[in-house]
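Have a look at this one.
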């Protein structure tokens, strides 16, 4: 294959633009410092992008299920899982695994509740997950009352460890993302999810078990949120009631900026990393240049729109 | 036969979609007072040609309206202003609107105070003319109507007149979802419309319709016109021959003696509202007949579901696959390639380890491309790049390629050309011989002849059970209409 | 046919039924709430929500979603509390400049006229229309574009009003605190909003085209309409109703705040769905949407009357949403099984 | 006599440890007061989301329920004025604290947030007479508290030009977010940052970010949270780390309660009351850490007498 053909194929990838944008923003950032701290900025970007990617993967699977499917309970689940896990672990290294299991169990429980609302009560997913997020947030408050317990030292060390400037956790999540991309493209489950997202009726008539597939996606999303809560509380020195807040918009933004279709049926995992790095780097760039809050919001919004316009194809002329 | 100057005339038009050359130099003239029958295999370029006339997209070549080449591009608006109407192959109504509102969407003139009433009267009067006793109200929401009625509304809408006249009406497979009764009503109206000086282009894969209604028949093949003669000069056989398919029509009628099978049935099902029981055995082809929308599709879907989850009153053994007729809503996955669309139900077999094996899926797709003759250079092309009939073939390939013992077919030949039909009939027979069971809902008498026995539906229940020997059009019609039964 | 249309009618009545049930429950808990004063207090904040819901509904009609409506309403409120009252001169930035002596203490007429506010608000609607056009032209996912816009509006609000403040124009304030005889103002307002939106979208002839574009855009295009224009019109309409939401809100709160209405984004979506609308396919109900907004507001009141333990007060809001929607499903299902 | 009077707490946010401590203090003080028959009821209400509109609706509902006084921690100083006015017009006493409202009919128990910001620079002046580079962590943009504290800090810097704010990020009062923002901007900042000025509560996150970047940890002003104090003590014991910590005490809600009770009792109370913020210095660290619940916030609660003293002090002025 010659270079031109390769480039053309690359340009056809929907996730390309997220990476292009991330790199551009990074270059603009280090332009300010004259190249100083270029590596450190990337390290920080990978560190924090990791957490968004974890929830982004789950959100992406849900969004792939088709229009109207979205998980708004991710922030509350992060908070609940973080609170429960840190309390169970109670700073003891020996309980790390137990904490992980509990966080995942929290996620699974939330996922089951979400899908029960969607399926049994036929509540549109947006509202079902929004309502359950209120309940989960209350549960987190009632359970922990915002009291912040330190994570076990080993967990804290693991979540902040670096290997040649690359966060170990980021490496793990890159592997996880690769696996999830494989699941999406090359397994039955992935095909089912994409089929349902395109045409749920046709999927049913093609013999796909629509109910179970959707169920699994919602549970997966919540489990990843639980995992994120667990790791995040390890990373930032304990859980707090507001720790999930920013992941509501972030998880959705990741999916769409990463080039997945919001109408469902067409998604990709690599874009999540690109978008996560991009979103972090945008804030960093604007902070570095010393923009005030108003200008920062304004610029963030315009940059997001610019990226999406650049990545779009013009509607074919008739 | 052509009378008067042509309304529209195309000279040497060409159209390509990427690598696909859909039209490769076509001439066409439509005169007032004639009905042109347009036939050709799936993907021959018929719909593309009609889209051109309707102004959906432009093309190379000359286009003259009333003898004058238009200055600007030919758009939907200019086509409409010149009285060119089109009933597209895929549904072009808004399902969320009422019948009257859909009429309004078509006519800019229907505005201002009291437009609702005017729109409703307009469409209902037209429906009365085309399909007497249609039973459709102006306030019905289109999405609630069964597909046949939706098609009726769309057809009637094309003939309605407000400010611009209706001079040329294009009907692209208008009868694909209509039963025989409604189809004959439509054809009768077409003759009346033509007699009053209008022009109709009728596209259909049912050659009987073409021969009955058309004055002139144009045969297309691979983007070219290959034959054009008055309809009277064609017979069914010569028409088939002109399309380039070998006519082996009545070739393999099934062994008459086969009769009713014995032994344990593979399917037993009873309609929710009672009536006779449906029974199908291994190796049987069972027809579901009756007028459109009498509960046949519903029965198929219930049987389909019962193969997966337990359902009261239905037993199914050995898995089932379904070929949908309404491919837009029940069949295709629009973002996927043809290969992905075909292999979706067979993926379990096409894995190595837990991962789907690309080589295996490609092999299956290519195998079916040749077996069922899907016209595409590459099975990795998007499914929507296929012509309607070819999409339908892909759905057939999906079901036949699966391991399911029972294949349920919901009026599956909609838009499939006659050559392919013959091949598919052959395939169905061969598969039945090997032990597969087919349940086949169709409104075509010709297709019922391929069945071992036929259940006639009326009002969501089975009212007659005819064996192959007993099957005649008369008896099916009798059973279909209450008063006669 | 009559079966489906009966079910449809019942589904259309559901928002009204849930509203009535809620009112009964409120009456049981706090009888004095069902009074002139009570309705005024319980429902006046439902007016901006109802308007925002209608705005959201316009966008949902053409199969898009507006994630920026909350910040846009906030933006309008900020403009309303500053430029619409005192023109450019009312901006904190300008006041700072005056204080530091960069600008004279007495500003020319042109900087004091509220016309500046009108211009900015018109600009907002224009931006909305342009967004609709852009989304269609470049075939963009509306969620991302409006997500981006939500930051843009928030940024503009913070630039206009770095800290909450300003003052609502007196005429808006007066209008929002009207005390007509017999019928409380919020109820009259709700009815007016519902009727206008209903006529605009459900009864006019162009309204049919607009809704049709949600049901089957291709069909609308093939009938010779410009989808670009349809999208732009729907978004402009959303911008217009969003503007009304912002103005009525600032009339109630008396001053602006950039973060004032972030919640409206989700509330408005919930309102549309509660009112019987659907995310895709152009199936909407303006009257239902207004009732949905009222239901959401009253649900809040009921919760506060119930006096739940503080830990679970947040959760109770979720529970009530679930109950209302579940009731809808149950009625729906009972109907189908009949 | 207020034994048949009912007081409500209208709270806009419960999603952090400070607000949780605030609610617990309210409970701790008002429950006995109700049992003792001082007031008939003292119910707390929290909105599901931190939103002005929701709180406005909540206040209107509380009016409908017949509360005699409403104690408010407001989501916005101005945007609640409409609802507060409605309440006043209905004869309800409104007392605001922490997040105060500007409607003239309401009472305000304010903390001088601006002073809080200025104090941070004063402290740094003592510690680094020659000045240096400073990083600022702000709260949520568009919120009054954020603007006030930041204004104070900038005023302080203007008066002490030896200090220079080399970077300013918004942490939205969220630990994780603050950490991310600091980590992002750090690489572009000069190496010699002497201090981080905060709005409280984000100190620990800032420290984590510095640690992760492998930088020398500067003097970080703390916000009274237990984990901050604990970290500070750790550092102090290890290398004599010096800083101070200040924040508004969550228990100010109880002061507001008593003030409302006294107003209902017919006492003459000035509309504007000021409470000092709670400050922990190097010397008081150990004691503060002892009395602060693990994972909580350093706190003081008020008695009726304390409230009386605050009122009297204000009346004298």
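To keep things simple, chains are lettered A, B, C and D as they appear, and every chain counts its residues starting from 1.
We take it that a contact is a pair of C-beta atoms (placed from the backbone, for glycine too) under 8 Å apart; a residue touches a chain by one contact, two chains touch by 3 or more.
Being a predicted model, the structure only gives us computed values, none of them experimental.
A.B. asks: Give me the fewest steps it takes to get from chain A to chain B if each step has to go to a chain it touches.
C.D. replies: Steps on the shortest route: 1.
A.B. asks: Please tell me whether B-C or C-D has the greater number of C-beta pairs in contact.
C.D. replies: Pair with the higher count of C-beta contacts: C-D.
A.B. asks: Would you mind pulling out the distance in Å between where the CA atoms of chain B average out and where those of chain D do?
C.D. replies: 71
A.B. asks: Measure off the straight-line distance from the CA centroid of chain B to the CA centroid of chain C, and report it in whole Å.
C.D. replies: 45
A.B. asks: How big is the gap, in whole Å, between where the Cα atoms of chain C centre and where those of chain D centre?
C.D. replies: The answer is 33 Å.
A.B. asks: When the C-alpha atoms of chain A and chain C are each averaged to a single point, how far apart are the two points in Å?
C.D. replies: For chain A versus chain C, the centre distance works out to 29 Å.
A.B. asks: Where in chain A do residues touch two or more of the other chains?
C.D. replies: 134, 137, 141, 145, 261, 293-294, 296-297 - these are the residues of chain A that touch more than one other chain.
A.B. asks: If you look at chain D, which of its residues touch at least two other chains?
C.D. replies: In chain D, 14, 48, 141-142 touch at least two other chains.
A.B. asks: Of all residues in chain B, which are in touch with two or more distinct other chains?
C.D. replies: 56, 75 - these are the residues of chain B that touch more than one other chain.
A.B. asks: So, with touch as defined above, which chain pairs make the list?
C.D. replies: A-B, A-C, A-D, B-C, C-D
A.B. asks: Across the complex, what residues on chain D touch chain C?
C.D. replies: Checking each residue of chain D against chain C gives 14, 23, 43-49, 51-54, 56-58, 60-66, 75-83, 85-86, 90, 140-144, 147.
A.B. asks: Which of the residues in chain A come into contact with chain C in the complex?
C.D. replies: 67-68, 72, 117, 121-124, 126-128, 130-139, 141-142, 145, 249, 252-253, 256-257, 261-263, 292-305, 308-309, 312-315
A.B. asks: Okay, in this complex, where on chain B does chain A touch?
C.D. replies: 56-58, 75, 301, 304, 308, 321-322, 324, 329-336, 340, 344-345, 347-348, 351, 354-356, 398, 402, 404
A.B. asks: Taking the complex as given, what residues does chain C use to touch chain D?
C.D. replies: 30, 32-33, 37-38, 41-42, 44-45, 48-49, 77, 154, 157-158, 161-166, 249, 251-264, 297, 300-301, 304-305, 307, 310, 313-314, 317-318
A.B. asks: Once bound in the complex, which stretches of chain A touch chain D?
C.D. replies: Residues of chain A touching chain D: 29-30, 32-33, 36-41, 44-45, 47-48, 134, 137, 141, 145-150, 160, 232, 236-238, 240-243, 245-246, 280-281, 283-284, 287-288, 290, 293-294, 296-297.
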